[in-house]
């Protein structure tokens, strides 16, 4: 069985379309491989080349496997698997002789589509994926032959079928029970992600501030808090080695001290972009009901598995809760840790301040005042610092980014004997006027300080606010000086052109769409499903799928088969039953035999039932041909009489008597 | 075991759908199951579902649900592609044993298009064709013949996988048609024997058959009369189509007699068949007899057909 | 009314022995208001049937023997100068009768044939510029020899279509012929035959025929028949709309004769050979044998339900 031309062509088109989103993820030599295989296949079809022999095919399989192995860097992750699937998809092209081969290729194609979704399921690519899917379906239709060899009809038919499948697919999407992963699979995409890292040198956050990439989106139930309250905590940095800040060992793994909610909470939902890190983003003091999430010692929310796909979770935050009214000795020690040597000027200044302001609150206020009054500058391009980086920044260059201010302040507080730590996360966000949600980007990354006070627990303080209040109130773009253009590294980012009103509207609309997509489609998992179904259907949720599913299939059946087109009226149906009954007794009606004549013949052959047969036939004829009101029930009764009168006969008689 | 099951299934089907020269395919005749490709497709969907669950990927979920719904939609469409088709068949022309009997099958649409309909005896597809609305398709299905007598058409199978090939809808039909198979002609010597003496004398006096010498008169044309004897002149003037009749006084007509031959039954019948054809071709009158049947000397198409039919259906003389 | 119809059938059957089906068809044809074509060899009782019908239905009867030298004026009539009055006076031709027997119509030239056929279609004749109405009711029974007999002009299809039915009486059955030979001459029975209908009753019967009920289901069957003639390859051409109207009209009359006020498929089947066979031709048949075999095919193969 040969592969029909329409089927083959659509298969090749579908393959080309399928591979487009994958080229960004796969080793480039696969592209070359694809070109060779496709060209070869086309030449085979045009009878300019021969199908490669078994030996050559085996060689190519081995070659492809080896190439995948080497280009994957010898680690087996998703990319390796994807490269293998795609390589198989391409190689099968050379062995495309029968319809069976074409089917293998088609099914591999469906798999490739899944792989593409695993890499990127954002709205544009999801919309795009309709194209390869339609092409593959058109290939299926084309494989059946029929409709001539033209390319248009299979595609039109495939599109029609796809449209008809949409209602049921939507229903399944909403109602089919989502379950937790059956087993854990690392989705090690190996991509470098932009975002906060575990270890922070003062300049790192400044680098991050050049990136307009999306970090997460938040939508509040009810009115959102003021902008200057939006401090999104990621994690804390507690160990300082004289140059860089790192996370403390305790806060990472130990569970948090139990705390009681106080006051009014903020309720909100977060859709977080993949970070490949375990922490989530939330306002203080947060609690999330999302599965698999716990709060550690430093009040961060942390997941067991890294966030490797867009993650949707809801959070409640109580801003008035007092954190750690008592500080454990180990924790206290960790938050007073300083390198043994270095930064002598800062240490001296701090002990001097501690003497002048014995109250820690007064000390903090004095420090902030110094930041505010003296000649400190908020800048993305801090000067290079020598070995004593804190001293260099605080006393000499005085230009820096949030991490510089926070780092110096934490150092000073610790040197003054007050437990303190640096908090890293994001601050602010852009409110989308249409969607009532905040978009937080990488350039919103921020660092601030927490110090501990007996009885009042941890208190947050932001030195950046003292230096550049615009950064907190309006955002980074406004805080930067005229000589430092915003998003210098991303000349094409639409965010750079926020001054153009129409462009900005367009951008916000597009973001809104993406937000809806992530929230309602990509984020639609177990938690959201049960919440939604419960809200819509209350206790009837489990009946929704069977009922609506049956209904949809029924409607679909009606629409496709249109049974009313060939309706058999109920009177006629009774006659057909009559015919079947007599069929058991060896009487079959030829298509051209009239009902009356048939009944006459039957009555002669079955004299015992003649009376009943006549009665039935006359009633039927009158109802069907004399315009009498249709009374199928009467006919059914009379048919029963016939059946009863026939019941006495000994066994069905297959043939008429000679 | 399996054979018994198949036989039972076929009996059930026959009961549901009795033989008829023309039928319209409907739910009592159309069966539908997933094809092998459909099963592979279902297995693939299962794998995709597993991937969707494990990676918690909504788009993979979406894909698997869309493809699953397509499967359901395909059931409806595949059924629809076969149902409503009207299938009729013509009685085929008689053939000689060993030839292919040609059954004609008509496919006619009742207003919608049917694509890629495979037609054949049993599972062997002979034709794949589209049936468009208001357009009847005429297919010729060959069936090899081996033995003389009536040969009933086997079950006809119409099937389709259109549109997606995930399912196979099919229908078994018994047209009830049969073809008459004449014996295979076998060339051989005919022991010359004449019709019995009395008829031979009578025949000698009668000018019988179609000789070439004496013009006897005209008779109305009947299909099968030789063209070269048509009275074209009269016909071209607007008269009826007449045939000139010539007579040849013949003393002796050939007689083909089964009992005068030797050999087995089939061999004799084949030999007779050969001679019937040969004599009919030469337009020589001959008498024909089988045990229990005697056809007096005659010639012409009707006589030839009667002889061949008798040969095909001869049952006696074991 | 039923009694009248039964009585007339009985009377005709007394004269024409062993031809119940054909007699019934002929009567159905007339009460459906159609013209009748009888095709038969000479001496089969065509004339007798026509005369009997005329008598029983109480119609005035004229017979026109068609010959090759028959002129249209011989049928329609002509104006003759009357010396006494000094005017041309119109002498009515034989067509001015309620039942006209056009005997051996295919012996006449097409010109004469068409004169008659026009009269049949229009119900009036135009002679020398003056239009004269024909009597009402007006029936034509035409007879013809089988067309392949020599010296005939076969009626073209367009003209055949004007006859509601074509009948063929055929040889009588053995018993009927015996009775025919034993009994007295049939023609002599005729003058003694009483008229069963008068004009008013005939009109009433015709109105009743038109009132016979035809349901959707039946029309569907008729349409299936008609469509089969148009779609099946063995038909040289299909039935015209006039043909399908004729089929329904004849089936109504047949149903009424059977004592029903509604038509069932069997009625259609009963009249189908008479109504359709002269309107159809097999593609393979070049000799013009007619569509009897096709009609049989229709009766067997076109589904009734």
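Letters A, B and C mark the chains as written, and numbering starts fresh at 1 in each.
Everything below uses one rule, namely that a contact is a pair of C-beta atoms (placed from the backbone, for glycine too) under 8 Å apart; a residue touches a chain by one contact, two chains touch by 3 or more.
Listed by chain with UniProt protein names: C = AAA domain-containing protein.
None of these values were measured; they are calculated from a predicted model.
More C-beta pairs in contact connect the chains of A-B than those of the other pair, out of A-B and A-C. Nearest to the overall CA centre, using the mean of each chain's CA atoms, is chain B. Centre-to-centre separation between chain B and chain C, using Cα means, comes to 41 Å.
Work out the mean CA point of chain A and of chain B, and you get 62 Å between them.
Per-chain CA centroids place chain A at a distance of 83 Å from chain C. For chain C, the set of residues that touch two or more other chains comprises 301, 303.
Across the assembly, chain B contributes 21-22 as residues in contact with two or more other chains.
Counting partners per residue, chain A has 591 as the residues that reach two or more other chains. Within the complex formed with chain A, the residues of chain C that make contact are 213, 215, 217-218, 260-266, 269, 298-305. Residues 18, 20-22, 37, 40-41, 44, 47-48, 50-63, 65-70, 72-74, 76-77, 79-80, 83-84, 110-111, 115-116, 128, 130, 160-166 of chain B touch chain A in their complex. On the side of chain A, the complex with chain C involves touching residues 572, 575-576, 590-597, 621-622, 624-627.
Taken together, the chain A residues at the contact with chain B in this complex read 99-100, 103, 107, 110-111, 113-114, 117-118, 121, 126, 129, 133, 137, 140-141, 143-148, 157-158, 161-162, 164-170, 172-173, 176, 178-179, 181-185, 187, 309, 521-525, 553, 556-557, 560-561, 565-566, 583, 588, 591.
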